[in-house]
Each structure stands twice: as structure tokens, then as C-alpha cells.
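Before anything else, here is the set of structures, which you'll find just below.
Shared between the two complexes below is subunit A, which has subunit B as its partner in the first and subunit C in the second.
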Partner chain A sequence: MRRLLAMLRNGWVPLMWLLLLLVAVFSMDQFEGFFRQIEPDARAVIYQRSSFAQLLGKHLLIVGAASLVSVIVGVAAGILATRRWGRDFLPLVSQVASIGQTFPPVAVLALAVPLLGFGSLPTIFALVLYGLLPVLRNTLAGLQDVSPTVIEAARGIGMSPLQSLFKVELPLASVVILAGIRTSVTVAIATAAIGSTIGASTLGDPVIAGLVNGNTAYVLQGAILIGLLAVLIDSLFECVQQWFAVRQGRAQ
Partner chain B sequence: MESPRSTPNRVVLTLVCIVLAVLLLADFASVQANRIVPGQGLGLFKALGSVWASGLIAGLLAIAALAWRPNPLRYRLMLALVVLLLCQLPLSLAWFIHLHIADDQPYARAGIAAGGWTLLFIGSLLLIECRQRMQPAPFWWRAAPLGLVLISAWLIYSGDLAALSLLREYSSRRSEFWQALAGHLSLVGGALLGSLIIGLLLAWLTLRVPRLQRPIFGLLNFFQTIPSLALFGLLIAPLSYLANKYPVLQGLGIHGIGWAPAIIALVAYSLLPVVRNTSVALSGVAPAVIESAHGMGMSSWQVLRQVRVPLALPVIIEGIRITTIQAIGLVAVAALIGASGFGSFIFQGLGQGAMDLVLLGALPTIFLALLADALFSALARHCQPGVRA
Partner chain C sequence: MTPTPMIELSHVSRLFDNAVAVDDISLQINSGELCVIVGTSGCGKSTTLRLLNKLISCSSGNIRIDGEDIAGLDAKLLRRRMGYAIQNTGLFPHWSVERNIGVVPTLLGWSPEKIKARVHELLELLSLPYAEFAHKFPSQLSGGQAQRVGVARALAGDPDILLMDEPFGALDPITRDSLQNELLRIQSQINKTIVFVTHDIDEALKLATRIVVMDKGRIVQHDTPANLLDRPVNEFVQSLLGQNERGLKRASLEPVKTHMQALSGDLPEHSVNVDDTLRQAMSLMYWHRTDILCVRDADNHAVGLLPMRALLDSPTA
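Take a look at the complex of A and B:
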């Protein structure tokens, strides 16, 4: 009961952002008067080319697909590089994971175009490539932080290496890995918005269209939606992370 | 890890296999009759001639052979070969241009294809791997990045690489390029300066008044969460409103678009790493150290200046490093709202479908970020207490 209350207490923040996002997506028309004040001379002040709900869905789809691949590949690579037969690759992989993060996301996005052309696919590719690194880096850090005595103890009570991995090491590393996933998703949401410039249809569309046509109202609509989405997802992660931390604190 | 000398270095072997496969199967470089027609790709042997290509393959095989039973001496040789491999890259491009593009073809351009990029990428990975295996790494591993840059610079200067698509693109917008560099650097510098001034003040505040820690970090975290495109977009309307209302601001060059929203957003993003690292570093100095400094009769100010700051400096510089790298990438995005920088080439190129122009914007951006990373990492190492002689 107390846990339920605690979850509700933490849960109201994402709920509030979700509500705001839904209001913004479905009733942007209601605020026409406000946007008209910003762009008194424009023909239209509410972005029409596509509905906001559609753009939000596509944005989430791109971020979701890219993040899913990033997490699977990143965690898998992190696990492989810390096993006995993959350990040779550990120094290189961890160096690449940290050097790769110096590459600006926009540059990665732009370089995906000569490889894959315009559209959603190069955007997803760039997001995966870039989103992989924080997940990989934190998986490595989390798994390496597990003290050898704990692993020894797991072996001692008769666990196989796989059991030790899934029942001991990964749960202990989960908080750190989750932090990496949070970084990865945050960057993905931001970079997907810029993906509009390479032909992906996302919430960045109204912003880019507004910038090109000099329509500040469009820019504002896109920016508000992108901002709300990012804050919502971030607050969800905050909740999950707290929940994990509480669970882990109880286990210890 | 029982005896690394006797077991093969599987990492190097894997990398060499990958690069050999790509070199033999994919195009190394390409030629284009002019900017518009599609390029024609050439494999390694066609591109460089059989002598150069065989030499390259032999070098890679030699690296693999040395990796089979590595020992410290063989790692040294391997590193030397990797340095050579990376340094010959610009030379091989110049050779390629010499072979395939005649001087009387002012519109023909040479491009680097999958093979060339892979060679650069895997070569860098080999360098990192060799460096990691030799502890301490000999100082001359730096010859590879340095040689790569210097030889490229020399060949660009002498005109031997002039037919490279990137340089053709550069030569048609020479002044714009240097303006973009100046714009990029001044925006990054301005953001850095602003965030340092405000950030150090805020960090000092969090240490003085611990009660403010939560709200300050909450706010800065919130800024970091907002995607760059959204923050830029959100700043345009209020800034243009202000600029319209107060013409003084327009006189200062502040408009809804341009450098003003860019620098405000950049400072907002840059604050978190600066404040967090400074605050953590200053409060992380062991109480015993401060106690003993007080015991020696130092005043609070002296303790801050002579003990706390020097001990905390590497961590603070790390914060500045993160800030700078982040800002270099964000300035590129800020081109969308009319700020000057390499981003304008990227987005112009994307708009025209001119990939060489995209490269002309993206590669310098990446180069700047790597350079900032190297510089600040070196600075942090230099400031590590006890390292200085």
C-alpha cells in the first residue's frame, strides 16, 4: 500500500506532462487567437500539412524503433565484451564508446544521407548509431562495477555463468544501464526532430516549415510539442529509475 | 588474459580481416566528370595501381602477422606500421587523383568511397588498440593523427588534392568557409564564456546555500532535457517580440533569429556540466585536507584558492570539455535559426542534395569536436595535482 502511494506520488509528474502534451496535440486549434497575435499577417497560423497526432506518432515510432535496436545491440555488445571470450575486445570497445560520443549528432545525421539517401531510414540509422554509445558505455560500466567477490559467490552457490549474468550481474548493473538508456532516448528524441531536415516526418516538421517560410507560429507549435514530449519521456524515466533504486535498496 | 604475449591478438586480426574484405570488395575512391553526374567507383587496384595497392595489402598482412604472436617488440612494429598506414592515406588520395584526373579537367572531381573511409576508420581503431596494448604507449603514436593532418594540409597547400570533391566545394566558397569557421568558433566561445561566468557563480551559490542545490540543478536538468530544435524555436517568438518592442535591442543586433537565440540556448545547455562538475569537485575535496589547510593557518579564501581549486581543477575542466563538445554540435543545429557556422553548409547541402557540401560542413564540425576533446583532455591531465614536475 505504501509502495502504491509512493508510486502515485512520483507518478503525477509524468501524468501532468502527458495531459499537457495531449491537450497540445489535440486542441492546438483552440489557441488560434494566441498564434494569430504572433503572426498577424500569415495566411494560416496553425500547421496544416499533417495532423499533430500523426506527427507525434511518427516521431515516437522512429525514436522507439531506434531506441529498441540501440538498447538490444548496446546491452548485448556490453555483455559480450565483458565475458571471458570477448574480453580481448573490451579496451577497444570502451574507447570507441567514449570517443564516438564526441561526434556531434547532427554530423552523424548528415553523414547518414550519402549512405542511405533521404527519409526515415537514415534517421533511424543515425539514431541507432549514436544512441548505441551511451547504452554500451553504461552497460560496460555497470557490469564492470559488479565486484568479483559477488560473482565468485554466485558461482559458489552453483550458478552457471548464464544464471550469474541474468540473476546477479545484470540486476546489479540495471540502474546504471537504465541511466544510459535514458541518455540515449533523450538524444534520440532531440535528433529525430532534426531528422525533418533529411526527410523524416517528425514533430520537427512544423519547426522546419516555419523557419523556411518565416512563420513563427508554426515554429512555436512544433517546439512546444517536441519540448513536451521530451519532458514527458524524461519524467517517465525518472519514475522508473526511482522505482529501480527503491527495489535495489530493498534487496540489499 | 593469462599470457597475452603468446595468444594472438584477435582484435587486430578481426579488424584487418574486415578492412581487407572491404578493400577487395568495395570501391576505394570514385571519379566524377562534374558536380552533377553520378560518380564512377574504382576498386583498390584500379584506383591506386597494382604497386601501391599491393604495398597496402602487404602492410595490412604484415600487421596481421605481427598480431599472431604479439610481444612488446612486435607491438612496436605494429604501431609503426599503423602510423604509416594512416599517414599514407592522403598520399594515396593524391596519387589516385594524379592517375585518374588530368590537369585540364577543371570540373572533374575525386571522391572517397567506402574503401577509403573504411581504411581511415579501421586504421584509427587499430591505432587505439595498439596504444591500449602498450602500457605506457610510446609518445610517437601521436605521429599518426599529426602526420595525417600535416600531410593532408601540405597536399592541400601544394594543390595535389585540389580535385578532391571536398576541396572543389571549398574552392567555390572559400570566404564563406572561413566566415563559417569564425562564426562557429565565436558562438562556441561566447557560449563557453557566458556559461563559465554564470556557471561558476551558480556553483558557488550551491556551495554557500545548500538549500538552493535542488532547485538550481532541477532547472538546469530541465534545460538539458529540452531538445535543441525546440529550445531554439521557443526562443524565437519572445526575442522577436522584445526586439520589436525595444528598438535598442535591434541596434545591438538582437533579433528573433540569428546569434541571440543561439547563444541563449547554448548557455542554457552548457550550464549543467559546468555547475555540476564545479560543485561536485569543490565539495568533493576531502574534509581532512581542508582541515589541515586551516590548521596551517590558511584563511578560507586561501584554502579556496590554494587547496580546493587546484584539487578540483581537473574535474572542472572535464565539465568545460563536455560543454565545449556539446556546444560545437549545437552551433551546427543553430544554423537552422540563422546562426553562422558549419551547420549552414550541412543544411544547404541537404537542401540541394549536394553531398559534398554536406561533407564540407559535417567534417570540420567533427574535426572541431575531436580537437576540443583532445585539447581539454590534455589540459585536464596537465592540471592533475602531482603530475606536474
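Take a look at the complex of A and C:
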């Protein structure tokens, strides 16, 4: 009962952000007066080329696709590199992941265009490259943090390697892995906006249009939406992490 | 007819990168024994134990469990037939006590009702009331309680054999002592074959039916606690037993009842329990500055006399 209450209490935060986001997406027109004050001379002060709902959907699709790949590849690589027969790859895997992170996202986009053309695909590629490291790093850290005594016990009582992985090691590493996914997704939400520079349709569109036309109101609208989306997703992760911790008896 | 030993090692060796950890060991452990492997750190005790449940493989030699060569057995299935308790428990921190204890029965495919009943039974056996402990997590237990749960988990699948690697090594002396007594009590009820590893000779003398003394990967002596004290084969065993303390250790293996004499005349002022050891009797004599104690049974009836001279007699059956 206490747990349920605690969860409801935590659940209010993402709900509030969700409401704010929906208000921003569907009733941006209501704030025309406010944006007019920022750009008194512009022809239009509310971005019109495409509806905000459409942009949000496409943004989410790109982030979702990229994050899915990041998580699958990152977690899988982290698991493989911590198996007994995969230990030799451990240094290589961590280095490759670190290198991916050192490229600025704009450079990755520029390099991806000649390979993958314009649009969503190179954007997703860049996001994956960028989002992989936090997931992989935390998967490695989480799995390596599991006490050797516990792993020895799992083997000693007769669990198969897969049982040990799925029943013991991954659940124990889950909170840390989840933190990595959270970082990865939150960064992807912000970075996806840059995809608008190479023809992907995202919440970055109003920002880029605003910068090109010198319309600060557009920039602000895009920025507000991206910000709200990022905070919403982040607070959702907060809830899920809390829930995991409670389930494992780490909080009450 | 000699009984087939429950565990039989013949000429077993194990190398780690050409360093010998276990060196040509042959050993038989009979059903119902509590065999304690003792020796200094790094002498190969844990390696020997881990060979038994195939956590590591033999470099040469073979091991038979209940007559079967384990080389041909599936390691997982073998381990589910053997309890395994280790230092620092290795309890799964994300699972409740109940789920930790139920893990082997679950792997064995028992029904949920049967598992629950088994967990109940084991918690009671280890003096941990179900209502209070079943839903706690390992982090909410004291060291002694956690180790009890570790032992319960090892017993859960009702294995014939229990392997214990310094299970009480990390506990304070008082908790360790009470868990040792508990283990003896449980063993008298369940009568498993137990292989127990420790570096503590006193623990070995207290628990063992027979002791295996190891040094540098070899077995130096395999004998009952009394024989080990009476006839250590070499200086290493002597030094392990402690030079000056040997007499007291020997006295603690001898119960008062084998030395007491018939009642006669007035009852002495100070008493000793009939199930106490000679060591405790000597301590009482020294403490009370007396040379004779009254021996009393559990109901506090006087059943005999223990004069100091009687300590020097050889025991009567």
C-alpha cells in the first residue's frame, strides 16, 4: 500500500510534464500575443509549415528507432564482453564505444550524409553512434559490479549460465543499466533536433527555420517543445528506476 | 561388507598454470560423516571442495559421488543434488529470504506449494520464524542470520551432500559458536554427508567426525579429532594443533560422563553438567578452587562425582 502511494506520488511529475507538452503542442496559437511581443515585425509568429503534433511524432520515431538500436547493441555488447569467453574483447569494446562519443554529432551527420543520403537515416545513424556509449558503459559497469561471490553462488547451486545472467546478473545490474539508457535517450532527444539540418523532419525544424529567417519566436517554440519532451522522458525514467529499486528491496 | 563411500576421490590433482593446487589426493568420505578439511590459507581446501561439484575440473584422477564418476554427469544437475554454502553467503541481494531459499527447489521444478512448505520448514529448522524473516531482503539481516539463510538455501533441495566453504569464517566468535552448535544439532536431525572447509582447527575439532589436514595441496593426515590430537603424524600437524593448548583441546573432546565416579558421601558444593566436557570441568575446578565437582543431569539430579584425579584416568565407555 505504501509502495502504491509512493508510486502515485512519483507518477504526478511525468503527468504534469505530459500535460504541459500537450498544451504546447496543440495550443501554441493561444500564445500568439506573447510571441508577437518577441517578434513584433515578423509576418507570422507561430511556426506553420508543419503541425507541431506531426513534428513531435516524427521526432519520437527517430529517437525511438535510434534508442532501440543503441539499447539492443549496447546491452548485447556489454553482456558478451563480460562473459568468460568474451573477456578478451572487453578492452576493445570499451575503446570503440568511447571513440564513438568523441565525435561531435554534427561531424557524424556530415560524414553520414555521403554514405546514407539526406533525411532520417543518417540522423538515426548518428544518434545510435552517440547513444551507444552510455548504454554500453553502464552495462559493463553494472555487470562487473555484481559480486563474484553471488555469481559463484549462482553457479554453485546449479544455475545454467543463461539462468545466472537473466535471473541474477542482469536484475542486479538493471538499475545501473537503466541509468545509462536514460542518459542515452535524453541526449538523443536533444541531438535529434540537429537532424533537421540534413533534411530529417524533427522538432528541430522550427529552430532551424527560425535561425535561418531570423525569427526568434520559431526558435523558442522548437526549443520549448524539445525541452518539455526531454524533461517528460527523463521524469518517466526516474519513475521506472524508482520502481525497480523498490522491487529489489533497496528502498522502502 | 564395507559400505560404499558417498564421496570417493582417487589420485585427484588440479593444476593452475602449472602450479599444483591439489596434488594427488585420495580420500573416502562415508555417508553421514561430517568431514572437515583444515589447513593454512592457500593449501588447496577450496579447490578440493570445488572439484566435488565440478565448479572446476580435475587435471587428473577421478571423483565418484555415490558410486558414479562425476566426469560423465551434467554439472548443473550434479550441483542441484549438492548443497553449497560459502563465506559471505552469496545470497542474491535482489531476492527475499523466501525466494533465496526456494531457488534450488525452483530449479528442480517443485510445485509452488511444496516449495513454500519447504521454506517454512527450513526457516523453523534454523530458528528464523517464517513470519518475521521470509519477506526480508538479505541487506536487512545480521551476519549470523544471513549465514543461516545461506545454510537453509544449501539444504533446500534436500541434497544428500552438503559442501560448505568457510561458511562461518566472517562471523564474530559468539555468533560463530552458536552457528556451529546449530550445525551439529541440525546434522543430528538430518544426517547428511557434509564436507566442511575451514582454516580454524578449533572449529574442525568441534564439528568433525573426521578431519582431513591439508598442506601444500596434499593430505597430511585423515583421522578422527581424538586420534589427530593423540597421534599427529608430523610437526606440521602438531603446530596446527597448537603446542601447549593440545591438552585442553583433547579435554574438550571428552564428556564428563566418561570420567565420573559413583556418588558417595556428601555432595560437593559446586556442580558440572553431565554433558559438559572435561575442559569445562577443569575450568570450573580452577575457578572455584576445588578438587571435586558434583555431576548433575539435565533435571539437576546428582548422578555422580568428578574428583580431579579422575581426569587422569582413561575414559570408561
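We take it that the second predicted complex is superposed on the first by the 248 of 252 C-alpha atoms of A that agree within 3 Å, B and C clash if a C-alpha of one lies under 4 Å from a C-alpha of the other, contacts with A are read in each partner's own complex, and residues count from 1 in each chain.
Definition applied: a residue touches a chain if its C-beta (ideal position, glycine included) is under 8 Å from a C-beta of that chain, and two chains touch if they have at least 3 such contacts.
If you're wondering where the values come from, they're calculated on a predicted model, not measured in any experiment.
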Practice item. Check whether A:N213 is in contact with subunit B, with subunit C, with both or with neither, and answer first, second, both or neither. Key: neither
Check your understanding: Counting only touches as set out at the top, which of subunit B and subunit C does A:A153 meet: first, second, both, neither?
Key -> second
Review point. After superposition on the shared chain, which partner residues are touched by A:T197: those of subunit B (first), subunit C (second), both, or neither?
Key: first
Check your understanding: Touch check for A:Q54: first (subunit B), second (subunit C), both, or neither?
Key -> neither
Practice item. Applying the touch criterion given at the start, work out whether A:Q30 contacts subunit B, subunit C, both or neither, answering first, second, both or neither. Key: neither
**Study point:** Of subunit C and subunit B, partner touching more subunit A residues
**Key:** B
Practice item. Spell out the residues on subunit B that touch subunit A in their complex, using ranges where they run on. Key: 1, 9-11, 125, 128-129, 132-133, 222, 224-234, 236-237, 240, 256-257, 325, 328-330, 332-333, 336-337, 343, 346-347, 349-350, 355, 358-359, 361-363, 365-366, 369-370, 372-373
Revision key, fill the gap. As the complex stands, subunit A meets subunit B at residues 38, 87-89, 91-92, 95-96, 99, 102-107, 110-111, 113-114, 186, 189-190, 193-194, 197-198, 204, 207-208, 210-211, 216, 219-220, 222-224, 226-227, 230-231, 234
Check your understanding: Contact residues on subunit C for subunit A in the complex?
Key -> 53, 55, 76-80, 84, 86-94, 96, 103-104, 107, 137, 139-140, 153-154, 163
Practice item. Flag every residue of subunit A that touches subunit C in the complex, lowest number first. Key: 147, 149-150, 152-160, 163, 168, 171-172, 248-250
